[in-house]
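Below is a structure I'd like to ask you about.
Note that the chains are named A, B, C and D in the order they appear, and that numbering of residues resets to 1 at the start of each chain.
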Amino acid sequence: MRLLEALNRVSLGQYTLLEKEIIGSQYCRLVFLAPSVAGAAQPGQFVMIYPPNAGVQKILPRPFSIFAADRETGQLTVFFRIIGTGTALLSLSEPGTELKIMGPLGKGFPVPPAGSLLVAGGIGMAPLVFLAASVKVELNFIYGVANSEQFSCPLDYINQPNLVLHEVTEDGSRGELGSAVDLFRRLLPRAEAVFACGPRTMLEIVARDCLDSGVAAWVSLEERMACGIGACRGCAVMTKNGYQRVCSDGPVFPVEEVFFHGRT
Amino acid sequence: MAEPDLRVNLGGIKLQTPILAASGPYGSGLEYPKMAPCGALGAIIVKGISVDPWLGNPPPRLVETASGLLNSIGLQNPGLKFFVDHDLPALRKLGPKIIVNIIGRTVEEYAAVASELNGLPGVDGLEVNISCPNLKAGGMAFGTNPALTAEVVKAVRAKTVLPLLVKLTPNVTDIALIAKTAEEAGADVISLINTLSGMLIDIEKVEPVLGNAFGGLSGPAIMPVALKMVWQVAETVSVPILGMGGITSAEDALQFIMAGARAVALGSGLFYDPALPDKVKKGIAGYLQRRGISSLSLIEGSARKGDTNNEPC
Amino acid sequence: MAEPDLRVNLGGIKLQTPILAASGPYGSGLEYPKMAPCGALGAIIVKGISVDPWLGNPPPRLVETASGLLNSIGLQNPGLKFFVDHDLPALRKLGPKIIVNIIGRTVEEYAAVASELNGLPGVDGLEVNISCPNLKAGGMAFGTNPALTAEVVKAVRAKTVLPLLVKLTPNVTDIALIAKTAEEAGADVISLINTLSGMLIDIEKVEPVLGNAFGGLSGPAIMPVALKMVWQVAETVSVPILGMGGITSAEDALQFIMAGARAVALGSGLFYDPALPDKVKKGIAGYLQRRGISSLSLIEGSARKGDTNNEPC
Amino acid sequence: MRLLEALNRVSLGQYTLLEKEIIGSQYCRLVFLAPSVAGAAQPGQFVMIYPPNAGVQKILPRPFSIFAADRETGQLTVFFRIIGTGTALLSLSEPGTELKIMGPLGKGFPVPPAGSLLVAGGIGMAPLVFLAASVKVELNFIYGVANSEQFSCPLDYINQPNLVLHEVTEDGSRGELGSAVDLFRRLLPRAEAVFACGPRTMLEIVARDCLDSGVAAWVSLEERMACGIGACRGCAVMTKNGYQRVCSDGPVFPVEEVFFHGRT
């Protein structure tokens, strides 16, 4: 399984926002008409979006996993949690306006074999939904959040015929009571391979258990980014080969590379 | 009116445009051109290269600040051999002149990189980053002390015939003194400014945000400081100045030129807009054209009619 | 949980809250209270007072920068006599403690103001602004040189029994050295930072924007620099620190406290929000309450678990 | 004639934007519901408006003359030229949102005697329109701009029974051909007093001629401001009594104070 290298097809452009959906008080889904990005996008890759109307106060673009990409319609979708100024400004953009976007960036997931287990913690579901949607083989998809309010992802994105969805909440307000990790541990014995994205603590457990049981596993990591294309060395993460760049050597890494002694 | 002439001679390096990529943000020089054409750049200053590879600092290495960026990359770089074997051949094909930023922990290390790079085809100049902590002087940056500055610049000068840029740190009491020292020690160009020393604290975790605690502040926030240092140094030295610090537009770049810089470098502004070099080039040309000025060199230092020494209190 | 205790002892001045109005932005101390209540302030630091009135610099004196403000007021002030006769009686009635920022062009001028203010009812402390240019040393700021710093602080110390704050300029190579010098010369508190030296150029008029060419940069842009200097000075001195530079929120203020400041001063942030003192006070109290911390003093320097000397390069 | 001192009635508050009008490509009129400001406002006074959505990038509020104030309805109107980031952000605000405003600030105009001449250059008309609207005596009102496009002020604000309006453009595209200064010189001999606001060069000529002919005259000045209330000493202007603060000693000054030797 080869990590996808797509840096040569990166583009930087102004793309029209087609659709905006605010979900609950904390989440936002944006759909752009961005054929050159959508056409090249691989699951696990991300885009940099430049916060609009911020002037030079926010000099950095914001990284977001690609949540959906449609080659035919040229539509690109991101799904994010409104957490600070950049995401707040993005969530205020109105359809019809143009935003500056760079992408697709980074190396994505390898193609999951049948029987793979996808483990999503919170907003970490974004790249995994795209991954699940891109294949036809059977998959288990764990989607764990703190409470029902954080079930931000509209189910029509996940409810696909090839996919068995396992919802879990820490307060039991929807799906099973428990954590994504509990469920992961139950399903791991049957998993062909594991693909995970979510909080660091979750990834550490997933990585350790997969390494212990010899199941191939990939995680998508986050780090603060500036350039997004491997130039500035700002998004370093320690790996067994020294510091690597999350933006261009990742964001997807095989667990044995980044959790070589239990944690980075 | 004909296209204004943007060519400048930067200490012996003949540049097609006065716009450079600053060392660090532009990485090895090979990443950005894959995405945005580099034709508007007169030269690329490659990220700091040391004799041996440097690991860099623990993450997080970046945090955004008000109109700025704090970084503690720690000069991670693959070392001289990798640079020469792997990056340099590709850099030569890009078009812009190539200037190599060199770093070291001792005077000998600086001299060693300079010596290896001297005469290598494709290397058009060296920029000595004297903000590095001096291992033998308790980690104090070379560039905060005139004696150390003279020592490292002379050592490098002795090893190279290439045009020599010396890049100053702004974290000093008297930038003009350091600049003068660097000039006397053999600098062909004074580059300034490097980042201001700073930090941020995460009040939820109750610890510094950066893995290294301290970092360097860059971006629009620091531009007034950079501009004043360029002005002061232009008053003091007779070699040309490469100005940088917070440039995000042609208007910003023009301020540096009018303060006395021969050329400007774009750093954090590239994060804000990877297409900035082109925008700055067009903007400068447009300004000159509107005013009927035939050549950029005519406005170098033009705001300095009555040089001033007024220090505000 | 009960209301957290926000009281602090700042070098002998007992403050109800750790929030001060910085010298300058808050003017004479009498303008703001007409518009926004000053009850959240532990103390007001009055704008710099000299023996004789100072005229100040030619306009323009202000220009906004990216997340910052550049000013060249030039320490305009009506002089000591006017202050004592006119302002002080009104200031005494406000509530917050009154600290007078003092300035001079010679050591003798500083000493003269200090001497006149010593023992005057209503004056709770003095803050010596050592960023003033020294007339006898070619206009070099007192605070950029350890010997001059020691001289002016000792001269003032000899004339007053009032708690003595010494306010440092950040435009130096080694802030810790200056702070240590000020402490040894008799400072009860180290205040920092004053403004960073900077300038902007008007590319249409082709001249500096400010009438004085150079100005002092303040505001959110400089906060990372200020915070790092507070951290460094806290490592070096044992007297308390008054931290300032770019604070516009309770979160910013808490960063300064965690870096090692005993109290904070609000400057340019008052322009951004004249009701800032109240907001900062509520925000700090809320933070402490959420975490079950009974007193602000418990978090002074709390981010400094493993003090660091790492200089980024 | 006493300059009005109103600092004690300054307020700082959040006020609802009731109405927005974009005039041409460069001008904007905003109407707020701000009873405490409108109730205390005197012609020549100004307000500070804090640019919305700018975060800390723009740390200074923006000064604008009061263009209209209605005690009864509590409505406060400002009229400005969109010139930079702050005014652009203001012009993007939508009715219904709240903006932070401080005011009324500064010292306004004295009450104009019958036969007074008001001289407005460009957007300098703002305080003079308020002045004209606040009295019943007969006035001449010169309104000079570069071209017809810059006739930004809706005429119903100026066309009052007590007022003779003289429009003048530099290109003759509307009203008389010429400058406000030309017209001023013609009307000065009949003027009881003069009240002027506009570009510095215009004010200098007005001041000199009034001083020469002994006609009482007041000008409204502009300087960059930070605090707006007399604290920071940033808005200094040289006067015959040394530096004074435009924000609190002005913005209205008798000409003999600020043009004591032809110019400041």
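The working rule: a residue touches a chain if its C-beta (ideal position, glycine included) is under 8 Å from a C-beta of that chain, and two chains touch if they have at least 3 such contacts.
Source: prediction; values computed, not measured.
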{"item": "Partner chains shared by chain C and chain D (touch criterion as defined above)", "value": "A, B"}
{"item": "Contact-richer chain pair (by C-beta pairs counted) among A-B and B-D", "value": "A-B"}
{"item": "Per Cα centroids, the chain farthest from chain B", "value": "D"}
{"item": "Chain A-chain B separation of Cα centroids, rounded to whole Å", "value": "36"}
{"item": "Centroid distance [mean C-alpha coordinates] between chain D and chain A, Å", "value": "54"}
{"item": "Cα-centroid distance, chain B relative to chain D, in whole angstrom", "value": "46"}
{"item": "Distance between chain centroids, defined by C-alpha means - chain B, chain C (Å)", "value": "33"}
{"item": "Touching two or more other chains - residue numbers and ranges from chain C", "value": "66-68, 71, 73, 219-220"}
{"item": "Overlap residues in chain A, where contacts from two or more other chains coincide", "value": "55-58"}
{"item": "Overall pattern in which the protein chains touch one another (line/ring/star/complete/other)", "value": "complete"}
{"item": "Partner chain B, residues of chain C touching it in the complex", "value": "48, 57, 65-68, 70-75, 103, 129, 131-133, 139-141, 144-145, 171-174, 195-203, 206-208, 212-217, 219-225, 227-228, 231, 246, 251, 254-255, 258-259, 287, 299, 302-303, 305, 308-313"}
{"item": "Residue ranges of chain A touching chain B (in the complex, touch as defined)", "value": "7-8, 10-12, 50, 56-61, 100, 102, 223-227, 229-238, 242-243, 248"}
{"item": "Complex contacts: residues of chain C adjacent to chain A", "value": "66-67"}
{"item": "Chain B residues touching chain A - in the complex, by the definition given at the top", "value": "24-28, 31-32, 34-36, 47, 55-56, 58-64, 66-69, 71, 73, 76, 219-220, 248, 268-275"}
{"item": "Chain A to chain C touching residues, read off their complex", "value": "55-57"}
